[in-house]
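In what follows, subunit A forms one complex with subunit B and a second complex with subunit C.
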Partner chain A sequence: MNIILVQAIKEWQEFQRDRLSLALAFLLPLFSLLLFGYGIRLESKNIPIIIKDLDNTSISREFVQRLYATNIFIPAVTADSTSPQDAIGRGLAKAALVIPKNFAAQIFRGKTSPVQVMIDGTDIANTQIVYNTIQAANLYFLGMLQKQSKPDVTLQMVVPHLRLWFNPGRQETFFIVPGAFGVILWMFPALLAAVAASREKEQKTIIRVYAADPNPVGFLLGKTLVYFTVAKCMAIIVMVAGALLFGLRLAGDPTPLLVATPLYVLTAVLFGIFLGTYASSQTVAVQATSTIGFFPCLLLSGFVYPISNIPFPLSLFSVVVPARYFVELTRDAFVRGAGWPAVWPIPLILLGFCCVLLAGSWFGMRRMQVKD
Partner chain B sequence: MENVFVMRLRELGLVEPQPVPFPHIRTRQPTAGSLYNLEGSTDIAMQQSDIAIKAQNLTKNFKDFCAVDNAVLEIKYGEIYGLLGANGAGKTTTIKMLCGLMAPTTGTISLAGQSKDLRSRDIRKRIGYMSQKFTLYDGLTVAENLQFYAAIYEIPLKLRQQQIDWVTQVCELEDILKSVVGRLPLGWKQRIAFGAAVMHEPDIIFLDEPTAGVDPLARRQLWTLIREFALNKAAILVTTHYLDEAEYCNRLAFMADSKIVTQGSPREIKNQLLGQLIEVKASNAQEAYLALTSHLDHWRVSVFGDSIHVLIEDSENGLESIKSILLNSACEIQSIRPIACSLEDAFIDLVQRSQRERS
Partner chain C sequence: MNAIFETIMASRLLALILKETREILRNKYLLFLLLVPPTIQLLILGGALDPQVHSLSLATVDHAQTKQSRDLVAGLMGSGVFLRNTYLSNEQILSRQLEKGQLNVGLVIPPDFTNDLNRGKSANVQVLMDGADAYTAGIAGNYVLRTIHEFQPDTAAQKRSGANQLQTEASQSRPHQLTLIAPRIDILYNPGQISSWFFVPGILGACLTLTGTLVASATVLRERESGTMEQLLMTPASAWEILVAKIIPLLMFLMGDVCLAIVAAQIVFGLPFRGNLALFLIASALYAFVGIGLGMMLGSICRSQRQAQLASFFINIPLILLSGTVVPLDTMPVILQTLSLADPLRYYTLIARGVILKGETLVMLWQQLLLLALSAVLVIAVSVNRFCKQLV
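This part shows the complex of A and B:
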């Protein structure tokens, strides 16, 4: 116990003098929160579209209006002479729509009127959105027309479908920000701990520790204690910032969050310590933490892409990504509010991760000797 | 040169530090005779009880090369034992194995009479280790570093400040206690590292090149400290590159090509040099060297500054033959005389001899 405290005091003294560590602990997490909170938008807005209305009748103008009313499109800024192909080719517009000359006349005659649409297919996500939006706007438009001319025919059932896409709402931050907590509180505690554990190796100070103390527990837990404390402060700062900047409020029982957050940052710290004890230098430790820690956390935690979308063999891997569980818990705590009945296994799973990582770190250092 | 340097500094009014008495927080435990003495003879048990470090057939193999080959060592309490050798001869690996930082491939080690459980906390506390590279925490101040090591060696809380004060005084760290270690010059760092290694008054001290890169005055100071510890009956194993420092040691071992090629007191080692050493000063040292090596065995001739040392077996005939070789070549003899062998001569001879034996 004494040795743990000794190590912790030394670690704290080192930490509070190290600018990089301080930045990792307090500045970068906030920066990341802003980046994730304001930067990630899964919905597409303001897609530039170029519309050539060759018909220029009240009907065709209404059709164009319907497109802009989706809030998805904005008119592309081009010269009048620019052809639609050119505008897409030069990246000025993501889509082009040409309304033929006798568009209104065809409709009044009750015949189909083809509207030419070109979509920039290089951006898969946008392609889908543009495609769906135009389809939806078209249906809506047709529905309106039919309502006006033949009131007995309705296509109202299409409308609810459209709303999903038309949703311009602020709800998205509620999806992103609790997820961002999971990523930030994984990444930075792990990085800090990995840097601290491998620094001893890089600067060879570990040799003196080996020479003095045959037991790795003091070394491991001393460091863990310091970064666990730092990470808890980090969690408070990030969550308060999330509440202030993005209007996030706790939904329902706060106790699952209060229990799981310390466990989650402890898992992250132990993960960093674990990698740090096996890495030979700080650079290796940082790279390992980013690759093994960050990418799975970003891609396989359900933060951006739903876990159900991950294809089969890879989806198994997401089981060992602790962020996956914590993201589920934060979303529940901040959005869904179902409380313990929904999330009770999560703290237990996190505790399991802690034990495994601690045992792994201990195993790597158990001999307290220089490796051959 | 070094003496001149030190004298000059003294003239300039630099006061050399006076040794500060040892606080003696620990009574040296009389070590129990080896538990593994199967002969049962009390005589041997008595002898072994003052042996601090003992290594037998110590071998370390890394993947594809042998770093230490069958080293045999015995170091008594109160003895300064110097381990000398070229870079890569296996000194650091030997020291790491002896203090438990590295597991030997084969061989047995006994520390302070114990040969089992060398990594126990009890043994750790009786060992001081100063590693080759500077290994204190760069981000911490001198005082914080000393506090840390005092705590990790479990010096009782009551005595901690006293020991830190003592180290501060002995190693003259008063003015820099609050400075961050990383920004200090190397000479200071080595003193702090030494202080941190001996603060708990260990019985056995391992010093891996404590004076590398330290100025002559600081080196003297460090050696004064080391001798102080030896007088207090600590066993000290020290590695060094500086052969003049080897004269401080009670006993020496030379390592070459992973083997200990010789052991003994400095005088014994010098006496091992077979034959007589002749110092030759010629107008053209380069020319003289080439002439001598073309007539004599290559290993007998070595360059020392502006002079050449030649090892000959028979001093009467040898001197004449050297003269005749040099007269036949294009250079002029300035002086030629038999000289006493220095450790450096002995070292070079031994290393070369071991290389000859290998090839």
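This part shows the complex of A and C:
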């Protein structure tokens, strides 16, 4: 116990001597939170569209009005001479719609009149939205037409009553910010710990550690303790900032969050220590942490795009991304509020990760230990 | 005379370049990290990322238990956004599952659903959605509403009125009217909507940034930390030669990364390459310069590798986020969109997507290429300037 404390004090002194690192350790998470919280919005509005109305009758104009009334599209700024295909190719418009001549005449004759739509398929997310919006606007428009001609017919046989739970205003910040907690509290503690664990190797002082103490646990836990404390402060700062800036409130029982957050940052710190003990230099340690830690945690944790979208063999990778579990828990704590019944396995899973990582780093240290 | 002078210059530079290359090659871990993880990362993320809404789970509480109600559920399942549907016995179970986040959409069909339809009245159904994922809820909601709107049950009311010729016409005209306008939707460039085609070019750029900055700052700082920088300066080589010799091998490795990644993506995802390879390689080289320049700049600002690596996140996170690589750009607040104009990765992503997917040519992309080149020159100039100042 004494060894752990001594090691921790030494590590803390080394850490706080480097003022820039200290500042970054607390500024970076806040900075990332702001960027994620304000920057990530998935719901597209103002998709530029080119509409060529060759018919130019009251009905076709009404149809165009209906499309713009969805609040999804805005007219693309192009010269009249550019062909729709060319404008999409240049990225000036995401979609183009051509209303043929005789559009209205065909409708009055009761025949189907085709409308040509082109969508830029490179922008995967928008394609689905454009596709749906045009279909839905079309249905609505036809409904209106029918209502005008036969007002007494019940148009819609089944009336859906849609209710959104937990986030009725569909505020995207409520989805993004709890997820951002998971990403930030993974990346930065792991990074700090990886640098710290590999520093002794970089400066060749690790030999002294190997020689001095028959048991590497003190060395490991001492470092872990310092960065665990730092990471907990980080967690408090980030969550308070999230509550103040984005209006997040705890929904329901706060105990799952209180139990899981320390466990999660501990996992992150141990992950960094684990990589640090195996890496040959600081550069390698950081490079490894950022490749193994940064992208998977950002993209395979369900932070931006749902995990259920990941196809089968690759979905196995997301199972070993601890951020995935914690993001689920923060979303529950801040948005759904179902509490323990929904999230009870998550702290256990995190605890499992901790044990595996601790055992791994202990093994890595022992390999190098001087034998008596 | 001039020619001889040039060969001497070249050979000294060459010697330095060889030295730097050997130094990278000797560090097996670094070499491994330089080549393998970016490629693997690209493949995993390219395959895993999918912004479209599908594979949702639906649960139904069907109090009506009739053919019509089952038709409605079948219609919803046929819309393509739902992966599975479970029938639950009551609303309590439904709401509990929804609270736990096990469900995306819950549907409650009331007992008098079919009766209402048979009487020719509108029938009500309740749709409950998990709004926690605001974006998915929005799209899924639209799908559900549209499918229910299109739903045309064959009801007893219709059958009864079958004898009446006039009414039959009226009821038949309904489905007919709904097809009066038929949008023929063409999806260009990526008709199969393969999401990896969208993500691979951008993630390639992001990998270049991460790897370039980290490794470049490390090579500069290692020399300083171990105090060998002075030894290099004692040699007849000038400061710019030392720098060029540091940049060239890194550039070669990063370009190797790019080629490896593109070939791998073609094999694994069938990524088409529709444009000019040379144009793409030039853009990649320019962008690699940006990455290396940023790393060198960090190396000249920071005193230790730890500082540099922490500070690199200060640059990399906004660089990647504001580039439109992973999250869409056009949905950001105006301030951030304006800021993104200063992001070189944004231009690289545009060029890479344009060349690879759309087969765009220099004529269409010269503005982006010019801006990319400008930022490369700017970043390199600033870092060289800082570097030289510190040396003298």
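Odds and ends about this structure:
Please note the rule applied: the second predicted complex is superposed on the first by the 343 of 372 C-alpha atoms of A that agree within 3 Å, B and C clash if a C-alpha of one lies under 4 Å from a C-alpha of the other, contacts with A are read in each partner's own complex, and residues count from 1 in each chain.
Methods note: a residue touches a chain if its C-beta (ideal position, glycine included) is under 8 Å from a C-beta of that chain, and two chains touch if they have at least 3 such contacts.
Because the structure is predicted, anything quoted here is derived from the model rather than measured.
Placing subunit B and subunit C on a common subunit A by superposition gives a fit, with no clash between them. Applying the stated contact rule after C-alpha superposition, one finds that A:Glu328 touches subunit C and leaves subunit B untouched. Touch criterion not met for A:Leu92: it reaches neither subunit B nor subunit C. When both complexes are overlaid on chain A, the residue A:Val356 reaches neither subunit B nor subunit C. Of the two partner chains, subunit C is the only one touched by A:Ser32; subunit B is not.
Greater residue coverage of subunit A by touch, when subunit B is weighed against subunit C, goes to C.
When the shared chain is aligned, no partner comes close enough to touch A:Val217: not subunit B, not subunit C.
Look at A:Asp18: by the touch rule set out above, it reaches both subunit B and subunit C. Once the two complexes are overlaid on the shared chain, A:Val195 sits against subunit C while remaining clear of subunit B.
When both complexes are overlaid on chain A, the residue A:Lys204 reaches subunit B alone and has no touch with subunit C.
Of the two partner chains, subunit C is the only one that A:Gln135 touches; subunit B does not reach it. Minimum Cα-Cα distance between subunit B and subunit C in the superposed model: 10 Å. Subunit A residues in contact with subunit B (one complex) as well as with subunit C (other complex) are 18.
By the touch criterion given at the top, residues 18, 20-21, 24-25, 28, 31-32, 35-36, 38-47, 63, 85, 88-91, 97, 103, 107, 110-129, 131-136, 138-139, 141-143, 145-146, 150, 153-168, 170-172, 174-175, 187-188, 191-192, 195, 199, 202, 279-284, 286-288, 290-292, 294-296, 298-300, 304-306, 308-311, 314-315, 317-318, 328, 331-332, 335-338, 341-342 of subunit A touch subunit C in their complex.
Residue ranges of subunit B in contact with subunit A, taken from their complex: 62-63, 96, 99-103, 119-121, 124, 127, 129, 131, 133, 135-140, 144, 148-149, 151-154, 180, 196. Interface residues of subunit C, counted against subunit A in their complex, comprise 27, 29-30, 33, 37-38, 41, 44-45, 47-57, 72, 83, 96, 98-101, 117, 120-139, 141-146, 148-153, 155, 170, 174, 176-191, 193, 195, 197-198, 206, 210-211, 214-215, 218, 222, 302-307, 309-311, 313-314, 317-318, 321-322, 326-328, 330-333, 336, 350, 353-354, 357-358, 360, 364. Residues of subunit A touching subunit B in their complex: 2-3, 6-7, 9-10, 13-14, 17-18, 203-205, 207-215, 367-370, 372.
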